[in-house]
Amino acid sequence: MKSVSSRERIVLRAARELQDGFYVNLGIGMPTQVANHIPAGMNIVLESENGMLGIGPFPYEGEEDADLINAGKQTITELPGSSYFSSADSFGMIRGGHIDLTIMGAMEISQEGDLANWMIPGKLVKGMGGGMDLVVSARRVVMIMTHCDKKGNPKLLPQCTLPLTGKRCVHRVITEHAVFDFEDGKMILKERWPETSAEELRKITAAEYTEADSVVEMVI
Amino acid sequence: MNKVVATAAEALESAGLRDGMTIMAGGFGLCGIPENCIAAIRALGVRDLTIISNNCGVDDFGLGILLATRQIRKMVSSYVGENAEFERQFLAGELEVDLVPQGTLAERIRAGGAGIPAFYTPTGVGTVVAEGKEIRDFDGRMYVMERGLRADLSIVKADVGDHSGNCIYRKTARNFNPMMATAGETCIVEVERLVPTGQLDADQIHTPGIFVDYILEGSNYEKRIEQRTNRPAGSA
Amino acid sequence: MKSVSSRERIVLRAARELQDGFYVNLGIGMPTQVANHIPAGMNIVLESENGMLGIGPFPYEGEEDADLINAGKQTITELPGSSYFSSADSFGMIRGGHIDLTIMGAMEISQEGDLANWMIPGKLVKGMGGGMDLVVSARRVVMIMTHCDKKGNPKLLPQCTLPLTGKRCVHRVITEHAVFDFEDGKMILKERWPETSAEELRKITAAEYTEADSVVEMVI
Amino acid sequence: MNKVVATAAEALESAGLRDGMTIMAGGFGLCGIPENCIAAIRALGVRDLTIISNNCGVDDFGLGILLATRQIRKMVSSYVGENAEFERQFLAGELEVDLVPQGTLAERIRAGGAGIPAFYTPTGVGTVVAEGKEIRDFDGRMYVMERGLRADLSIVKADVGDHSGNCIYRKTARNFNPMMATAGETCIVEVERLVPTGQLDADQIHTPGIFVDYILEGSNYEKRIEQRTNRPAGSA
């Protein structure tokens, strides 16, 4: 087992969601790092909702192009086969179900698969950006997050306490301890990190969940 | 029938820029923003503007410079608050903010320009975004009705344009610009390079001149980068 | 006064509807001929609803391009400043009110400005094409037609007898005898051909209309 | 993940072509039609097809050749009947026809591909087109609700395409092709020229490869002209 941080573990596990030929949208922050772990030989096309397919690596110093950024406003590069389009066409693509997979960060997820990741009451509301569109329209919606918040409070809850981004929209959530799927409004444990016991997991998970017939070891 | 003007100020004056106007401004973050028009609006000093734009710039650049001068009354955006003055005015109740999911914002503008008064989208159902709006079942899935969006004026940034108003955008600087060009009662486009009519390939025009009332070659583009990210020299 | 046929008279009068800077859509048939009478020095951009702005003249023999046709499926050419776009973008342009003027042929027009021009009962219905979109969305909708049908029956009627293309959508109709405007559901005589008497006009016009304060001579 | 196939027949078989399918076919008149796919559908002999296409070809070319073989059960079009066999089958009740205004057809397909289940348009209000549909007032004007349209399969013709499925159309051969590429569960594109990925300018792609499942370089394009119109030699 590699010695990696919780966040690295989440990112590495998330990279295993990729499949050859997938068109993928990665959210800002931790999800963006999934791009660093695309298996060699696998053909993945990354979409940026500000109007691009085929995101390349960050540019070398001095080669930044102000006209070429991702949805996190970072400078990027293009690849052979890239294409550009308007925001309307971009979200037409997203809403039309053409994105195979989106991987995004989450703040809270309910046991029914509701998602909250855009607004913290008491803090300034900055806006939902393109997240609300992505989570209701990508063919597969995978959330990644640390299992608990900085104070140790569970983020997998019976119900979200924060304003929702989408209702029953999450297909899978990956944390450093486990992988859960949501099927017909039910939360099901699919994989557990070997160093986390079943009891421990129950303790840090406020949401109600059942275990799949064969819960497998979470592998990164 | 001459669409070409010398400066953004001339275009804005011809377009009847005035207090209380609703203005669509192209760009995503600081990428593809109409820098010359924004500077001219600041210089012309109109107030109580409603600005429809995906973001609101940063403290000292982009639409943020119209916050410093208190020219904006309301923002319609998907993501805001990358600057301190925005936060201050918003918390003080001096600035109204209407947050719209990015895809819904893009589609509302496209609809406004295309004569579609309303449409249904799955985005936002079950969230605060859908509150007070019609929710409707189509084939077993719930959708929310959203309205087309138009503006008195749109200010758009393209890479190249010709004297007839035909425009081509460059890379991700395209973003909201093409739809906004269609949805303003008047549309001003500023370009980095203005060429005579006939120089552009007719198959490659992103915004046909029919949408453009005034076009100008901008100057002194700063094209500031918000998040300069690099890979190490020598890496693949 | 030039010696021209009724149809030529209609086309010549219709050409006077053009204004410098207009973006214009001309219907199939007689309206297409209006393009031959654009005044020298006037800048008119012709739109074709199959996806083009800036229609040029017909090609010389041997220079036809199968990829370049107008909405009547005729071979055409492009001009400096032309642009191509999809049918969705084309009708977005039309529905969005960006076309300054459309000139189309009509079969029947009611005194309220209803239009029928796509379907003759008893004959095979071929379809409305783009006509229904154009007549409800162009900023100015001008119809041209012979005043009566081949049997001498009026085509300006109290009510259309044929299935409608659009309700109260016509702004102006031009025949070989007169020009009428429609304002708030009322039909108003604006111009009369000098050789057609006021009485004669009443006789061949089944629709009810009032005369404008100053009916002027129809000039071509 | 290889999208490139050798022939239209191979693409159609991979796409699971079968009786009763709903197929969108690009083109306006005979301009920009997927000639190779149409010929292959004829050769493969599937029946009871619903075809969504602006027109239905002529007696011996375009979609018309599928009428001769009685493979089409229903047409969804804005203008049809340029051929005798169409008229015969229609009058005999052997062929169903759903006539849709051209702009509404284009927008319904665009909506279908863009995840919009329904929208409002002014087109057709007060006519047979609006019968049985919801009519609604927005800001004092009446609109009719129209539904997004999708198909099991779309067959699209582009000028140039690359191995990733990125496509560029040429002149008015673009027409319905780009929207149809987005609205089929499976999309086949045939091109006149297929190039390796990386040969096309990313700013000039009309249909991004994400929409394309199979791409092939077509052969023997006839590109027939329906109305050959000329100006006299020596005229301006």
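Should a chain be cited, it is by its letter among A, B, C and D, assigned in written order, with residues numbered from 1 in that chain.
By definition in this document, a residue touches a chain if its C-beta (ideal position, glycine included) is under 8 Å from a C-beta of that chain, and two chains touch if they have at least 3 such contacts.
The structure presented is a predicted model; accordingly, all values stated were derived computationally and were not measured.
Of all chains, the one whose CA centroid is most distant from that of chain A is C.
Here the spacing of chain B and chain D, counted between their Cα centres, is 33 Å. Between the Cα centres of chain B and chain C there is a gap of 36 Å.
Note on chain placement: the centre of chain A and the centre of chain C lie 55 Å apart, centres being C-alpha means. In chain C, 78, 84-85, 91-92, 94-95, 137 are the positions where the chain touches two or more neighbouring chains simultaneously. Touching of two or more other chains is recorded for residues 107, 110, 114-116, 121-122, 169-171, 174, 202-203 of chain D. By the contact rule set out at the top, the touching chain pairs are A-B, A-D, B-C, B-D, C-D.
In the complex of the two chains, the chain A residues touching chain D come out as 20-21, 23, 43, 45, 47, 53-54, 78, 80-85, 91-99, 137. Within the complex formed with chain D, the residues of chain B that make contact are 107, 111, 114-122, 136, 138-139, 141, 143, 147, 168-171, 174, 202-204. Taken in their complex, chain B has these residues touching chain A: 28-32, 54, 77-82, 87, 90-91, 97, 99, 101-107, 109-110, 121-129, 159, 169-179, 206, 223-231, 233, 235-236. Partner chain D is touched in their complex by these residues of chain C: 48-52, 57-61, 64-76, 78, 84-88, 90-92, 94-95, 114, 124-133, 136-137, 163-168. Looking at the complex, you find that chain D touches chain A at residues 1, 110, 112-116, 162-164, 166, 182-183, 197-198, 202-203, 205, 208-211.
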